[in-house]
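Two complexes follow with chain A in common, the first pairing it with chain B and the second with chain C.
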Partner chain A sequence: MNLSFFDQFTSPCLMGIPLTLISLMFPPLLFPSPKNRWLTNRLSTLQSWLLHLITKQLMTPLNQKGHKWALILTSLMMLLLTINLLGLLPYTFTPTTQLSMNMALAFPLWLATLLTGLRNQPSASLGHLLPEGTPTPLIPALILIETISLLIRPLALGVRLTANLTAGHLLIQLISTATIALLPIIPSISILTTMILLLLTILEVAVAMIQAYVFVLLLSLYLQENI
Partner chain B sequence: VFHTTRPLHTTQQCLAPLPPLPEKGGEVRYGLIPEEFFQFFYPKTGVTGPYMFGTGLLLYFLSKEIYVINHETVAAACILSVIIYGVKKYGSDVAAFADKLNEEKVAKALAVKNDAIKDLEAAIEQEKKEQWRVEGRSYLFDAKRSNIAMLLETNYRERLLTVYNEVKKRLDYQVAMQNLKRQKEQDHMIQWVEKSVVQSITPQQQKESIAKCILDLKALSKSAQAAV
Partner chain C sequence: GPLSERRLMDVKLGELPAWLATCDVSPQGLLAGVRKAWGSYYDKYINVKRGGPAGISMLLAGYCLLSYGWNYQHISKISFLGSV
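Moving on, here comes the complex of A and B:
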């Protein structure tokens, strides 16, 4: 099969049946569910340690009411982490490279934080539109700017994730194509390109984890302002 | 309350005793292929059998272009080498960390149990000591009783002495009074006798006595001269 550069970004389809749901539901299957045991095997111990770490990290800055969001934020983090990391394997489809998926995650969650803030403490959440200590003549301009910044948040969240992952995957494809194309011509340059590819792969692993963390962290920050 | 978080299976499905799970998973060669695969080939093809099979399969896929070498192959090689390097380098550390987490959990529970046992043993020792103390209680009471008796006795004796001294003082006073009275009477009488004697000495008697004294003295002086 001769792949073009963008075949990895097409949603998987088998004889006309879209397999997107399976590709989204598969990563959670990789986590063993906690059984009714006190001492678990190594994988379950590590998994529960990681979950505790993530939840503690996310929930420490939030007040009591924000702890209702613990489940969705932690599960979102684990989902994004697994999807991103699994996407680095060859011939896999990464759902988070699709803008539609990331906007579907970012927009409702951001809107939920905004509406929570506006409903429960409207003046406080609107007060975030003006930073403290601004000189008086700047106030109208700054409010406009802050409003635009607020409204652009879901776009930023979604596009950030999409762009990072898509760019990373595309770069990997391009550099490996260069490696293969240069192999019969100048093998030494090909080896240099392979080194670059190795470093890029390590970067992509890091980026996959960081982007997942940043997405969830920003959501928790927006929540902190509004709850 | 989130109903999505309700766990589906809260207990095991069957209450009969299940066999315990094995301690370790199945043996795997090269992290992917179970050992049973190699054992399956061993009787017919020996040790190199499965490797020949694998190589043949791979070459078949490559030569027939069932698997096409494209850019994904290089990307696959890179990511796989990164993964294998990571697992080889940090695998044992991660396993030790997981074991340590479990150990700490067990140690915490054991610590609770051991603390409870220690507290109970200390309580037993304390109780035994109290029982021993009870045995010696009669001696303690005897000692206290004799102590008090001695105190009472001493007090009584002291008071007796005080009484005696007081009485003696009064009696001495009376005796001294009587002595004084007698003394005074004697002195007075002596004085009176002396006074009357002196008064009774008439001048005639005085002259006679003086003349007698002179005669005595002369007689004595005579004898005295002789002695020198």
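Moving on, here comes the complex of A and C:
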């Protein structure tokens, strides 16, 4: 059987039983629920610190009504962060490399922000389609452009996450294949490629965290315009 | 005490099939067993006063091994790298 570099992205399957659900439900299990104690263990303390940091960061620009979204945005952030970071371990499966999963996350949430805006403040939310101070002749073209930009947002959200993670994993696989293949032939070049691999892994850790953050940040921005 | 109420670590090897027969294998029973196992792992390695990276690292290493096992059929067919 020929090796295709995209084989690492196939959903895991054990004897015909798809394991996607298990791999999706594993990351939430890593977060212990806080017990009724004043001083908990170090893991719970770290987790609470992280949750406070994320919630404060996301909720500061939002008004009172936007705070209803705190739970879903923070849990989405934790989920994406965990899934992305766990995918960097060897042999693991990253659900966020599947476009279907990212679109399933992005599209309903974006639609929710859009419908919230259209329902509660329709003229203000439609007013976002025309930036302030545009010259009059440009108005029709600009409204068209802004509408397209609005409608493409869920696609952009999903594809951004998918593409970044897929590209990162592919690069890691390609470079590690090159390293192993070069080892018997030119060991010095192999060492050089190992250095590149180490730097790339550090980059991938950063990208994993940044992409999760960007996804949730953009959603909160879309919410700010509409709530 | 009676066989059904002893923990797994206290059961002798010869009594293992009998102990397994007394287990509750309904979905609720299995779920309760998983919860108990997770609870004892958590209390022993993570929920300690001066914990470190060891508790979570063992869990993640186990996850890597599990994923390797799940992907074995696929990985073993790669021909150009020798053996896996």
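Operating definition for what follows: the second predicted complex is superposed on the first by the 223 of 227 C-alpha atoms of A that agree within 3 Å, B and C clash if a C-alpha of one lies under 4 Å from a C-alpha of the other, contacts with A are read in each partner's own complex, and residues count from 1 in each chain.
The criterion applied here is as follows: contacts are C-beta pairs under 8 Å (C-beta built on N, C-alpha and C of every residue); 3 or more make two chains touch, one makes a residue touch a chain.
Note that the structure is a prediction, hence the values are computed from the model and not measured.
Participant: On the A-aligned overlay, A:134 touches which partner chain: chain B = first, chain C = second, or both, or neither?
Facilitator: neither
Participant: So, A:197: does it touch chain B (first), chain C (second), both, or neither?
Facilitator: first
Participant: So in the superposed three-chain picture, is A:149 touching just chain B, just chain C, both, or none of them (first/second/both/neither)?
Facilitator: neither
Participant: With both complexes superposed on chain A, which partner does A:180 reach: first (chain B), second (chain C), both or neither?
Facilitator: A:180 contacts both chain B and chain C.
Participant: Is A:49 in contact with chain B, with chain C, with both, or with neither (first, second, both, neither)?
Facilitator: first
Participant: Look at A:26 in the shared chain and tell me whether it touches chain B only, chain C only, both, or neither; answer first, second, both or neither.
Facilitator: After superposing on A, A:26 lies in contact with chain C but is clear of chain B.
Participant: Examine A:89 and indicate which partner it touches, taking first as chain B and second as chain C; both and neither are also allowed.
Facilitator: Both partners, chain B and chain C.
Participant: Of the two partner chains, chain B (first) and chain C (second), which one does A:14 touch, if any: first, second, both, or neither?
Facilitator: A:14 sits against chain C, while chain B stays out of touch.
Participant: Taking the stated contact definition, name every residue in chain A that is touched by chain B in one complex and by chain C in the other, in rising order.
Facilitator: Touching chain B and chain C on chain A: residues 1, 3, 40, 42-43, 89-91, 180.
Participant: Across the complex, what residues on chain C touch chain A?
Facilitator: 38, 42, 46-52, 55-56, 59-60, 63-64, 67-68, 70-71, 74-75, 77-81
Participant: Using the touch rule from the top, collect the residues of chain B that touch chain A in their complex.
Facilitator: Interface residues on the chain B side: 2, 5, 10-12, 68-76, 78-79, 81-82, 94-95, 97-99, 101-102, 105-106.
Participant: So in the complex, the part of chain A that touches chain C is made up of which residues?
Facilitator: My answer: residues 1, 3, 7, 10, 12, 14, 19, 26, 29-30, 32, 40-43, 86, 89-93, 180.
Participant: For chain A, which residues are in contact with chain B within the complex?
Facilitator: By the definition above, chain A touches chain B via 1-3, 36, 38-40, 42-43, 45-46, 49, 71, 88-91, 172-174, 176-177, 179-180, 194, 197-198, 201-202, 205.
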